[in-house]
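Both complexes below contain subunit A, partnered by subunit B and then by subunit C.
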Partner chain A sequence: MNKIRVSSAINYIFLSVVAAFFIAPVIWLFVTPFSNSPSLSISLGTPTLENFGSVFQDPAAIYSFGNSVIIAVGVTLATVICASLAAYIFSRYHFHGSNFLIFILILFSNIVSGTAAMVPLYMLNISLGLINSYLGVILTIAGGGIPTSIFILKSFFDSIPKSYEEAALVDGSSYSQMLFHIFLPLSKKGIIVIATLSFISAWGNFLIPFILLSSQRTYPASVTIYNFYTEMGLPNIGLISAYALLYTLPVIIGYLVVNKIFGFSFYGGIKG
Partner chain B sequence: MKNGFFNSKSGIIIVFLIPAFILIGVFLIFPAFWEFYLSMTNESLMGISAVHPQFVGISNFIDVLTDPSFYNSLVVTFIFVLESAIIGQAGLGMLLSLLTYRKKIFRTLVQVVAVLAWIIPDSVVAYLWIAFLDKNAGTFNNLLALLGLARTNWFYRYPLTTIVIFNIWRGTAFSMLMFSAAFDMIPPSYLEVADVMGVSWWRKFKDIIFPNLKRVFFSDLILITLWTFNVFTPYLLTQGGPGTATEILPIYIYLNAFQNFKIGYGAAISVIVLLINLVLASVYFTLSKEKEGISL
Partner chain C sequence: MAWIELENITKNFGKVSVIKNLSLQIEKGEFVSILGPSGCGKTTLLRLIAGLEVADKGKINIAGTDVTFSPPNVRKIAMVFQNYALYPHMTVFKNISYPLFIKKIPADEIKQRVNTIADNLKISPLLDRYPQQISGGQQQRVAVARAMIQTPNVFLLDEPLSNLDAMMRIEARGFLKYLLDKIGTTTIYVTHDQSEAMALANRIVVMQNGIIQQVGSPKDIYDKPSNIFVASFVGNPPMNLLQATINSTQVKIGDQYLDIKESITNLRKPLQNGKVYLGIRPEHISIYHEDSKNDGPIVEGEIFVSEPLGFETIITVIVSDQQIKVIKFGGSKNLKPGEKIKLQFKKNKIYIFEFETGYRINEIQGDDYDDH
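On to the complex of A and B.
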């Protein structure tokens, strides 16, 4: 009995140490933005909102945020439209090898991930005249994420009974009426999940805007934060920390939304 | 109108598939094949070959394969993947799901903090770690100083180990979530019977847990290997340095193609990376063919 108690005490101590290891670097992110003497160590001092004030006075910080919104919304729209149309077909019309095709495309998107394809993606955007444009960044990120989105949406759509659509068509609805008034409301949850996940992945993407964009004015927050700490160095810790927190919040909220709909264990394929 | 193109079955199928397939075709499949072509040109972002790139056959590959810095990068990448993904993320993920088995509160607690480390955007986690490990003011060195130990410039003294630890911190959540879900699929009665029989924990692991977890285990290993092999985030921490100490292949590609402007040479390295990815993915594919569903 004693032996069990000792081993379970060791167990809990170990788990606490690991939990501390995961949380320790993150505490800074939630404390420093509110500190009146922001530094690289964790100290709150007198709580203040001054650092957020300095974010709103920094033009680069403001327009980068706007650029992130443009890129993330663009990727979300492109992904939701393309993936839900394709997933609908894959779910409703069973043709030979469609599962296999989706699987191969997902594998492909993992093999040709950002880093292994950064050179041809850069050259491609030059050839298409999309270099240094939001559109180039949007289409490049969307293209990489669509296969996984199709896969997740298809499994959502598969769970919606076909009979609603058939009844609507028998009753004389046109195909588009059936899609917009019957199918779309039923598949809302799945589409929200895909929209959230593609928004988050575009919002956080560093590499693609980093290589495709060359003027500061077009940089999203991910690249601007990197430039903040590599170029400005130490003096602006208050600004950087507040900005980093504002930039991180949409991601945390997004994951809470996804978690509420179907738990954390599912979306491994899209986060990466 | 009912019989128009848009209302015919094949018409709908084609119209609905076209947008996705154009994007996938242009921005995913085409670049992969174009990369092979680029790797056989002297394409550059500077000088004469920027205007008139020429076909140079396999000379880029010969250059890459005779360049000591490529082998340095290969070795660094191998250590990085082995230590941070295979040993670190999978090992710690497995350990954490074992230790929190049927301890709901602790499992949730550890999962929440691990997932937080997993989802915060790249440029923010990079800065968090630079702050955390800062020699003079960083939390970690403050703790060491408190214990009477010497402050250390970790990125400078132990660069590779530091990004290995960073990547374990960053990615363990995925393995832990995968293993925890798989543990919960094992019928509790198996382990209860084993407990009643007084079976040792090693036998329980070897005879009950591992056989039930085998496929999840290999899927996880292949996926995290693939992801870690292609991860760019360490660039934000070290830019590959000091020297070439943390120059993993993705950073090596970036530096050659975009800082030295050698597109053809960069493409040749990328082709090698792509082929290694392909091998890893085929292993995964072969394994997942054996099971009914596809878990990605």
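On to the complex of A and C.
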């Protein structure tokens, strides 16, 4: 008995240290923006909204939010459209080597969108004339995420019995009616999840816009934050922390959406 | 031209040949049942008719139109899937009305037609629920309602009762027959359950391994099975099939000789080595006593087990190392395992099947059925 108690006490101590390690930055993120004396340690002082005020007075802070939205929405649209069409085919039609193809796509997308391939990606964007354009950033980020999205959506589509689509065809719907009235409503949840995840990942992507974009005016929030740290002689911690919190909000909302979707159970069909 | 014509249909999945050069004609208004064991290709055949699969070879005609390569939505068919395939994101009302909604029929007409059919099928109180909120029996009715809301060229039903429990199944079967008789639309009903096929259909198509074994009325299939497969697939318990040898007047089972002069009159084929299967249904065997009237050949055996089922008793008897099942109506007293017993086969209910091919080679009293 005693032995068990001691070992579980050690477990708790260990886990508390680990938890503190992860939680401290989060607490800082939520506390510092409201502090009248923001610093790198966690202290609230007198609560204030002043820091947010200074964010809204900084034009770079405002338009880079707009740039982030353009990039994230673009990536989301590109990913959702390409991934769901491809995943439908991968799920419904089996051809020789289809699983291997997905595997290869995922493998290469992870390499290609990683740091290692930045030079070739840069060269590619230059030769396509896409350098310093949102389209280049959107295509590059989307290209890295689409294979994994295909894989996730394919597994999701696999869980939707084909007989709903077949019943719809037999009931007289054309293929496009079947798609819009039956298949899309049934796969709505999976598609929303993919949309949210790709939005979040594009929103948070720093490296690709940092490398492919070269004018301040086009930088998204992720790059602007970095510039706040590096370009103003003495970093304005209040402004940065408030900006960081605002920058984090869409991500938090996104995860809440995903959580809500998976909080409810998926429509169950009857086994055939 | 028949209402539905299947001409030399062949369907392979990869290397597996599922439907083999199958031809079938169905007249308008017929209720045809496709009967066969699991995996024999019944669903595939139905899906070919529906257009959910495309045949590798052959032609399909529905209502005078060649639909061999047409997609399902132009074939004017209605189908009840084995798992019902009710759209889980739509209410029962939306499910039933979907085929009309797709045809852009005005909302009030849809409402009125759905209400009529829901009344008919006694599912009106369920219209606002979702498929996952109703029972299996109710789901089955909704699936039938969705099929019946249109006036299709043909109803296709794939084992519509197989997801119901035994009690529900009998009730649903009667109800289905009543409904389909009333509507009179051509129906193809797939099942592996011979009693369903017997109870429902005007005509039964018995299939095995993608090949039609026999086509005929339920009575034909039961009385005049064309081969061992059909004989043993239809009837419950199935027909007894005993290995035997035959000559012009006698059949020999083990070391017992049966006088079959009266029962086996017209053998269609001269027998090579005399080896045959003798078939006799459990309901055509009686227990022989000294005072029974002479109504057919007699064999001796030993009771193996007797299973009283209330109204009838199924007795298994060992005759020369082969098992024979007998149905006896009434009490089952004095039927103890190990006891000697004499069985009498009803003389005009004896079937002789060729040993090698399994084909029946004796003619059965009455108008004989041409089985090829």
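Keep this in mind: the second predicted complex is superposed on the first by the 254 of 272 C-alpha atoms of A that agree within 3 Å, B and C clash if a C-alpha of one lies under 4 Å from a C-alpha of the other, contacts with A are read in each partner's own complex, and residues count from 1 in each chain.
The rule we apply is simple: contacts are C-beta pairs under 8 Å (C-beta built on N, C-alpha and C of every residue); 3 or more make two chains touch, one makes a residue touch a chain.
For clarity, every value in this text was computed on a predicted model and none was experimentally measured.
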Worksheet item: Which partner does A:177 reach: the first (subunit B), the second (subunit C), both, or neither?
Response: second
Item to complete: Could you let me know whether more residues of subunit A are touched by subunit B or by subunit C?
Response: B
Worksheet item: Counting only touches as set out at the top, which of subunit B and subunit C does A:143 meet: first, second, both, neither?
Response: first
Practice prompt. Tell me which partner A:121 touches in the superposition: subunit B (first), subunit C (second), both or neither.
Written response: first
Worksheet entry | Touched partner set for A:57, first subunit B, second subunit C, both or neither | neither
Discussion item. Let me test your reading of the model: by the given contact rule, A:103 touches which partner, first (subunit B), second (subunit C), both or neither?
Written reply: first
Discussion item. Between subunit B and subunit C, whom does A:93 touch in the aligned arrangement: first, second, both, or neither?
Written reply: first
Worksheet item: Is A:185 in contact with subunit B, with subunit C, with both, or with neither (first, second, both, neither)?
Response: second
Discussion item. Quick check for you: in the superposed arrangement, does A:26 touch first (subunit B), second (subunit C), both or neither?
Written reply: first
Fill in: subunit A residues contacted in one complex by subunit B, in the other by subunit C
174-175, 268-269, 271-272
Discussion item. Give the list of subunit A residues in touch with subunit B in this complex.
Written reply: 11-12, 14-15, 18-19, 21-29, 32, 39-42, 78, 81-83, 85-86, 88-89, 93, 99, 103, 105-124, 139-140, 142-144, 146-148, 150-151, 174-175, 200, 203-204, 206-207, 211, 221-223, 225-226, 229, 240, 244, 247-248, 251-252, 255, 264-265, 268-269, 271-272
Discussion item. So in the complex, the part of subunit B that touches subunit A is made up of which residues?
Written reply: 6-7, 9, 12-13, 15-17, 19-21, 23-24, 26-32, 34-35, 38, 43, 92, 96, 99-100, 106, 109-111, 113-132, 134, 136-140, 142, 169, 172, 174, 177-178, 180-181, 223, 226-227, 230-233, 236, 249-250, 253-254, 257-258, 263, 266-267, 270, 273-274, 277-278, 281, 284-285, 294, 296
Worksheet item: Along subunit A, where are the residues that touch subunit C in the complex?
Response: 161, 163-164, 166-175, 177, 181-182, 185-186, 267-272
Fill in: subunit C to subunit A touching residues, read off their complex
50-52, 71-73, 76-79, 81-89, 98-99, 102-103, 132, 136, 139, 146, 150, 163
